[in-house]
Amino acid sequence: MAEPVLEIRNLNVDYGLGDRAVHAVRDVNLTLHRGEVLGLAGESGSGKSTLAYGMTRLLAPPGVITGGEVVYHPQQGPAYDVLGLTDRQLRAWRWAETAIVFQGAMNSLNPVHKISTQLTDVLKAHDPKMSEHSRSARAREMLKLVGISADRMDAYPHQLSGGMRQRVMIGMALILQPQVVIMDEPTTALDVVMQRQILGQLIELRERLGFSVIFITHDLSLLVEFSNRIAIMYGGRIVEEAPAATIYRDALHPYSKGLLSSFPALRGPKRELAGIPGSPPDLAGMPAGCSFHPRCPKAFEPCNSAIPVLGRPDTPDGAGRSVACWLHPAEQPVG
Amino acid sequence: MTIPTSSIEQVIPGQGSMAQPEAAKPSRAKRQRFLFVRNKKAATGLVILGVYVLIAIIGPWIAPYDPSARSNDLVQGPSAAHWFGTTHLGQDVFSQILEGTRSVMLVGFLAGAIATTLSVLIGVTAGYLGGKMDDSLSVLTNVVLVIPAVPLMIIITSVLNNASDTLVALVIGLTSWSWNARVLRAQTLSLRRRDFVEASRASGERTWRIIVFELMPNLTAVIASGFVGTVIFAVLSEITLAFIGVVSNSGWNWGTILFWAQGQQALGQDAWWWFVPAGLAIALLGTSLSLINFGIDEFVSPRLRSAGKTKLKTASGGTVRMRIGFTPVLSNSATPHTHAKVVATPVMREAK
Amino acid sequence: MKYFLQRIAFYLFTAWAAITLNFFIPRMVPGDPVQSLITKYQGQLSTKSIQSLYVLFGLDKDEGLWSQYIDYWKQLFHGDLGLSFTFFPTPVSTVIGQALPWTLLLVGITTVISFLLGTGLGVLAGWRRGSWVDGLLPVTTFFSSVPYFWLGIIAIYLLAGPDSFFPSSGGFDSGLVPAWDQYFIPSAIKHSLLPALTILISSVSGWILSMRNMMVTVSSEDYITVAHAKGLPERRVAVSYAARNALLPNISGFALALGFIVGGTLLVEIVFSYPGLGYTLLQGLGAKDYPLMQGVFLVITISVLVANLLADIAYLLLDPRTRKEG
Amino acid sequence: MTSIQDAKAPAGEVVLEAIGLTKHFPVRRRLRDLFRRQHSAVHAVDDVHLTLRRGQVVALVGESGSGKSTVARLLAQLYPRTGGDIQLHGESTRVKGGSSFRAYAARVQMIFQDPFASLNPVHTIRYHLTRALKIHHNAGDDLDAALAELLTRVSLTPPERYLDKFPHELSGGQRQRVAIARALGAQPEALLADEPVSMLDVSIRLGVLNLLRDLKERLDLAILYITHDIASARYFADQTMVMYAGRMVEGGDSETVTQTPAHPYTRLLIDSAPDPDRLTGDVDPLEEDRGNGEPPSLINPPSGCRFHPRCPAAMARCSTDLPVPLEIGDAPGHWAACWLYDKAGAR
Amino acid sequence: ACGDSPNANSNNANKASVDYLRIGMPNGTQTENHNPFAGTSSANALGYKWMIYEPLTMWNPVKPAEPAKPWLAKEVKWAADYKSADITMRDNATWSDGQKVTADDVAYTFTLLKTNEALNANAIPFGDITVNGSTVHVTFTAPQFVNQNKIMASTTIVPKHIWEKIADPATDINKNPIGSGPYTLKSFTQAGIILNVRTEGYWQDLPKVKELRYTSYADNSAQTTALANGESEWSFVFIPNYQATFVSKDPANHKIWAPGVLGIHGLYINTTIKPFDDAKLRQAMNMVINRADIFTQAEAGYFHPQIDSVTGLPNGAGDAFIAPEYKDKKLTPDVAGAKALLQSAGYKLNGTTLSDPSGKPVKITLTDPAPWSDYQTTLEIIKTNLAEIGIAATVDKANQDKWDQNVQKGDFGATMRWTNGGATPYDIYQTVMDGDLLKPIGTAAQQGNFGRFKSPEATAALKAYANATSDADRTTAMNQIQKVFVEQVPMLPVGSDNVGGAYSTKNWTGWPSDGDAYAGMQPTQPYALDVVLHLKAANS
């Protein structure tokens, strides 16, 4: 496999402090390789966004990172821990190395500034020496790249449609040619036609520019189609991680299985829709042991007492994947 | 149709799936509404206000002297006999303050209640009904808003002979509802299209029921903070009116004290004890009301709550501040978190 | 544009209603200007002069309210506000003209400074929550609850004295004549310091608070996080992203405050004998000077409405979302 | 206690029918429009025919802004309509407010998209349901029993556990169930469900949809199921109608419409739906022809077929003539408003 | 640098010695109006009209019985019936534009008043006005004994050659005042008016004060602060506790002098209300008022000098007019006497409640406008005084306009109010007792007799006094008036008006005083000019 570009090691993120802290992300280990699309799925509240914001240190108060490392491998030079950077270094790292596209583009764009301003101020912040002219040329180029004509440069966000705004965001994310692009549900507000169009474009750009993507959504079918590898989160932990096709064909964790059988398929024979019984766990009062066990149809004795570790499963194709389930005890923990 | 019925069985019947484990959600149901009392600011405000209310009720009884009674101690400084000193007629300032509290509180709260009622009636109705009704009520609101309140109060009170506290409260109430009405109208406009209002309309509720039972409870906090704001305004107005001597009521309030003090140039005679306490009493009352208002604001919008602790200790002993955009890192070692127990021994798997 | 015409129509209608009220309200007051004048000069003005004053003011003729109202509008359209009684025979417009600049300068500049200062501090308090600015809040709240006339009087007592830098009253040294020169301006500024400070202290807290709250609300918007994620310098995020958006809702509050410049700080002008409009209004009120009251009310009404209209326009200019291109 | 009717009426009876339903929202006029006679308007819904039958689910699919919610609100008589007719049991109805509206609401109820917003946060579940029963005088003598029955019906059992909770104490799925129970409180014949699950989590959606289908079967309700997720329409609806820019473009049996879509727009929709079986990163074949992919302006909708600017198979005639519903022929009742199927008029 | 600035030489710091006098009045905003006839003009409100324009004679109200000094007129000769007067002008007076002051100017001024009702503030009934050389002969349609000083000593004479060109003298603001006085207008602003001394042409020695700076303060408090700070050197204002507020700030220089004049303040009693229609009751009330308390506590020990005489005539100014029978009758609190009087009149005092002969408790409402704090304090004191004889009084702080209305309509119990003032006690008694001014309850009595006091004797005596042609007749009438006043007590006199002022001797000395009472002390009255002419620089 390709070399890693971003390694998350034992990341822990809490909301709040002390006893009342909510542990939203726990001991997450995840590696993003160069050029790949890593999908992150899991139902609402499972900690996907927290993970994304946590590793970039963008989490708003009362979020705190209580432990872990986020090791970034730049194209040149030694790897370093993003969590150890000073504020100034972090500002320089942001967007130049890792850019983020959020869910609602309307909310991601400052409503009172023209999109040209918002595009160029990144350039100004990261490369103050760049001339006014070349900044605007670059912005124009990015817009063209995402399929928006350059004459919309002077438009305000509200003058663009939802799809166009989302594309502006994608263009903005790529303007500094970062190594990693994190996309947190970038298309949920859009309808399917637009969604496909934008994702298609993104994949194409990734092939041309060679950046890696962390793609967050809870729509598994979308992930299966668009990403190389998928990690599934539940209750703040990664419960399974495998190549997209592998997961789709043969999910090991009962939760992943449940997710995959929760949505109706449009094509092919009508599948049985099993769904997942119960409702998502309350992060403040997590059940002991495996957090999924109260909803798990296959729960058995160790599940309610011990937390399973993410590790390579004891299955024949266990090589490229890992799972945290007592049904498939880890042969060797990841991380 | 080949939808497997099993799925229904699995999801619906009995308590199988959707039933919640009982303990999962503690029932902090109704108490949530009074949670704002737990806010430190609101609690402080309420305590101070409580003292004022108490004085308003029992003040005249605990006053050491008749506040109007003359004595031979003319313009005496604070002493054991006269805590806040005396006036040019030898009246006891402390007793005047105690006695005056009632009038101030009465006018403040009555005017606040009148103005709030009017603003709710006009603002919410305008906001909910819209159209012509909204237009005419908005013009009314704006006209009242545009006419300067204090001069208007002066004019109206001068029409009334011997305005009692109630009448003064009425005048203040009638002239100061418009700002809140505007705020409420805007709030209602944003609520009106909310799904739950539409939903109760769709389920066939009558208009007045929607306004009273669906909209108003959601406006409680806004109404409450409007009320508190109007009370402050009313208190200041009453005191201003009394201070410039246009209110003709004969009783004591803090404005009357200030009026006498200023008429007798208390500060010019260095009789600060005569002038200062009433002003401080007003300021403290105003502060307590503002604190309550803070509490309400923060209750409505939790974002406004100051983060309890903003300075954090990191594992290495340094401190970091909680701030937007730079999440504090308390420890960046990659050791697994303590609460994840790694069980080394593989557990027997159930036969498939 | 349509929106604009609608607003203007709305404002015109409101103005009409308010001006009509302005006409009727002063006439509700009992007593008449002549009597007030006599009582004002207790014993100094002989009661014999009553008749001469009625003749002088032209009040010896009886005229119906309605025809007065019609005349009032006729006069208004000629830009004529009538003659003041208190300052007879000075036209109301002259009285207002001589007082208005003082009020505008004192209260106007103070309001602007208060807004700017309060907004600035509010931005700081909202951006850096829990810092020292937050600690300032309870103090400013306390001061904003103090009746400002009280504060003014205390300020005079404490700060103005025989040898003090601060004069206790007036708009400028009594030996000077208003002129743009090196004698008058410093004197005018010196005289405005205490009243300005009083207004400032009691009004700044409102701005701090509302700006802080808006900042807090805006700070949690996604685009602020995005701005951070973009690695923009903190100042740019705070000013150009957060404060710029947080300012918008305060604009209309500011406009309204500007509109209330005239009517709002009546007592400061009285306490400091400041030759402004609020003080003039109070004199008019005391003297049953209908024309003057009407005139001042008209100025207030119009200024509030114009300020609101300006706020609408400012909003239009500052918030591109309202700028619907057609 | 018979507060909720269980008796089965003959299936297939038409409950609610929309005939040529049209809704134009007036647009704020601008200065230069003053000199123009014509008032511009958002053509949100144009000439929509829809039939809801007892015991049947009709799905209405289409992209965002195509007018689905407007249709639902028109049917619930929450908006006055611009044109067309709504027939309840064959009788034309137009109600605005007051008791006639209540009488209508007793028979046609609506469920809103967002279960988080459609319950008043200050009232308990008990209040919501009591009101639903009382407005339509369905409470009977024993209110508690009626409430319990309502909750049981939507599988919120035991009822006592939920009655005194506030909406914020319930999960999304539970809230949507309460919203459904509230609609059922009126004992309606028709239920208009406007995207009832789009705000719910993947794992919870299924439960609510299954509940709706169960209700349809047991209570013999006529249900309009609005969604933009065409796959769920396939699974849960008997009939599926596709809307595009305010007009119906295709309709028929759900399986047929989803498996053999006739209208180019339906095809685009189905091709765009995420499909795990597709190869990773496969660029869509339709990509190039799709124009800017933007839905058309509804103020000045395209002439002729509203889809023609984006249609890969557009013909000259598509930009001029408004297509009429045409029978496809592959399955009974399958139609599409597309000139491709105009065998007679083919040139 | 700024040579042409009007303020260039106002830079006070540069001046070696102070050559200006700062005069203040608490009269609020002023607008430019130098019309000496308009009551609303700034010239009137601040009194600077007396520095620009002059009267015919200079009258000293502190010694009202003394004859007025000739001023612009060399001599004024009244006919015995006071229905005509001959005024002879001095010949060395000039207007500030250089023209001579002539008898024509006087005749013109009188004609102006006669023909303009609006300007004739004292309602003087002018008859024919003729000029003969430097003498003006003026007749009146009624005897003017009581008005003589209003005509001669408080009418500003204006130049004919200027005023005849003015279209409407009533509404003209007289932008460039040309007068005969020693000062001319330098500048006007709403905060201050500056007068410059004339360089030449004044008919007597020019004053030492080179510049007069008038400032109008917003209210008493601002004026007092200014006085205390030394920003104001001369003013007429009520200063509460003047020792502490004013004098103590500079004991060597800050002074107050407040001589009484013929105008009084007292408690008007509504004589139509039972049982207050009973003179005995009113007498008893009069006996218990503690005027000393009122003087020290309500009037700050100076403002309304205490009245001692039972006739209600002020000490000093009134002495000359007191009837022989009342010469030594003083008003002193006498509770026992009052009780005895009441008992004899059929009233009963049960504990703390007085009942009238019909058995009803005696109650009274005392009313005055809320903002008049000295009156309010007075009422508070009267209230406790009345309580001593069992009369339950309540103090009502009325709204000023309502109070005005109610007092005029006779809708009040008792109220503190002032009387008109003049050169004789006539004005005082007329305001209180004149039956010609009596109006039924409910109709506004604008000129006086608010208490609805009905006394044909008093009315007749007042008429007799005004129309008398000899001093003896006048004395008789005056004695008669006083008798009615003392016996009937239509009003309870409390304090007199004063013509006083607060001043500072820091820069200027020569102010009138008890020892040298050459004039009153109010800066707004005609004699203010006389005062200024007496001033000398303190350090010279």
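In this document, chain identifiers A, B, C, D and E correspond to the written order of the chains, with residue numbering beginning at 1 in each.
Please note the rule applied: a residue touches a chain if its C-beta (ideal position, glycine included) is under 8 Å from a C-beta of that chain, and two chains touch if they have at least 3 such contacts.
From a predicted model like this one, the values you see are computed outputs, not experimental measurements.
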| item | value |
| --- | --- |
| Chain pair with the greatest number of C-beta contact pairs | C-E |
| Maximum centroid distance from subunit A, chain identifier (CA atoms) | E |
| Farthest chain relative to subunit B (centres taken as mean CA coordinates) | E |
| Subunit B-subunit C separation of Cα centroids, rounded to whole Å | 26 |
| Centre distance in Å when subunit A and subunit C are each reduced to the mean of their C-alpha atoms | 54 |
| Geometric centre distance via CA averages, subunit E-subunit D, whole Å | 89 |
| CA centroid of subunit C to CA centroid of subunit E, Å | 38 |
| Where subunit D touches two or more other chains, by residue | 171, 173-174, 206-207, 235-236 |
| Residues of subunit E engaged with two or more neighbouring chains | 221, 225, 228, 369, 400-402 |
| Per-residue overlap in subunit C, given as positions that touch at least 2 other chains | 29-30, 153, 156, 220, 225, 227-228, 270 |
| In the complex with subunit B, residue positions of subunit C that touch it | 10, 13-14, 17-18, 21-22, 25-26, 28-30, 128-130, 134, 138, 141-147, 149-151, 153-154, 156-157, 213, 216-217, 219-220, 224-225, 227-228, 234, 237, 259-260, 262-264, 266-267, 270, 281-282, 285, 293, 296-297, 300-301, 304-305 |
| Sites on subunit B touched by subunit E in the complex | 68, 70, 74-75, 88-89, 157-158, 160-163, 244-250, 259-260, 262-265, 268-270 |
| Subunit A-facing residues of subunit B, complex | 2-4, 6-7, 10-11, 16-18, 20-21, 23-25, 307, 309-310, 312, 315, 322-337, 339-343, 346-347, 349-350 |
| Complex interface listing, subunit A residues touching subunit D | 37, 43-44, 147, 161, 163-164, 190-197, 200, 203-204, 207, 218-222, 224-228, 244-245, 248, 258-259, 262-268, 270, 273, 275-276, 279-280 |
| Subunit C partner contacts - residues on subunit B that touch it in the complex | 135, 138-139, 142-143, 145-152, 154-156, 158-159, 232, 236, 239-240, 243-244, 258, 262, 267-268, 272, 275-276, 278-279, 282-287, 289-291, 297, 301, 303-304, 306-307, 310-311, 321-326 |
